[in-house]
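Lettered A, B, C and D in written order, each chain numbered from 1.
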């Protein structure tokens, strides 16, 4: 199974709605099971630097099938994955990237959101995940 | 003036509809006036290698405010812009990238489409441009 | 609105004058609203390694519409943006990059200065910002 | 001997004046004897893709101490330097890059201009060289 464009676009729209609800301007990226970009949107006035970060969060979440923030806990100085960010052309390991699972529990893609605090990024990303699964 | 997300998403949807009409599977990328990614969609089953090409076509069209195919005519062996593709982290200079102009005729962004013949890529890109301007 | 070359060159000259006043040798870079380079100067004898740092500071400040030093406070080990520097082809997150706002308060570009202590870099960058706004 | 910032800025200004005289919008880059960026200006509305090309032309001219167009004649299919553009992170080998010599005939830097036809790029670059040498 693989994330469809229909699911990805539903995730983008849900993330935009959640952002508007919270008064935020976000970059939203979706990758499929192969970690390849499937859909992307930058809300008007959202940070330009978050284009790349949203994509890297989505890829990072799919690369390791876990929330980006979990990897970040392991990549700190002294941690078991210290500086893993140097791999894969650059990872982003703070919150805002979440894997998306299919009906059978297998990971079929991921979302990455960037443009606010990492807490807000994660909240908006979760709204996207919920919409993709409907 | 700058391409808005609303315009970019209208272009994406029009390009998808045109692709469906023609039986094609496309990657569609939109950049704004600063050549920064604004919206992207990969249709289910579209070439993975066209993710990057669609983005590079959109950037190339905005970088030089002309259709990518026009640059390609000048970048052939013996042409005045031979091997210009080595600049800017990689350009794509065959058809499928088109600048988008605002009401005052100024370039406000560009679209890049990749996934079929360059003729089809250009046709689908033009459908996107038309929708962005409505 | 967008930073003009006239504004960018005024910022460069003010930064050079401030550097001379303080006995410093600086690299000074200006980017516009799209984070694209608009003007640059390296004072005679200034660090060669600061060419890239000045540009990255300017881009970083525009990418996130805040002083580079503010991002650096959040990107420390344990901080919410740890290792954000791996995005966007490399960010610089210590002081010396400052966004430039237009008359309406919107960010229209940014300056990045590198060549001395981060305190001096910031002081010289601020002189550039002040000149751009006159 | 090395190109000074004073010389580089004189070249930039002369190139801007020549561009205005010809009704062109140019990107102008100067590198010193070490092929490191010394000064840069993008005229309002000049092609964004020419930022990188102007810099690469200047570096290419200094890397080989000849006009970029001369290298381009040798880098054609079947030529002795075919695809030399793949080196050094990307070269640009069509006209618009010219070495700058000091009083003793030694190369002290180079200029690169991009934004119009290669003939116009070369004309404007020559105006910059003339000003640097005064």
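Some observations on this one:
Definition applied: contacts are C-beta pairs under 8 Å (C-beta built on N, C-alpha and C of every residue); 3 or more make two chains touch, one makes a residue touch a chain.
Computed from a predicted structure; not experimentally measured.
Each step here moves to a touching chain, and the least such steps from chain A to chain D number 2. Set against one another, A-C and B-C show the most C-beta pairs in contact at A-C.
Taking only C-alpha atoms, you rotate chain B by 90 degrees to land it on chain D; that is to the nearest 5.
Our note on geometry: chain A versus chain C, Cα centroid distance of 29 Å, whole angstroms.
Chain A and chain B, compared by their mean Cα positions, are separated by 25 Å.
Chain B and chain C have Cα centroids lying 31 Å from one another. The multi-chain contact residues of chain D, meaning those touching 2 or more other chains, are 48.
Across the assembly, chains come into contact as A-B, A-C, B-C, B-D, C-D. For chain C in complex with chain A, the residues that touch the partner chain are 34-35, 59-60, 62-65, 77-78, 80-84, 86-89, 91. On the side of chain A, the complex with chain B involves touching residues 2, 4-5, 8-9, 32, 34, 36-44, 48, 51.
Across the complex, chain C is touched by residues 32-36 of chain B. Partner chain B is touched in their complex by these residues of chain D: 47-50, 52-53, 56, 72, 75-77, 83, 85-86, 90-95, 117-118.
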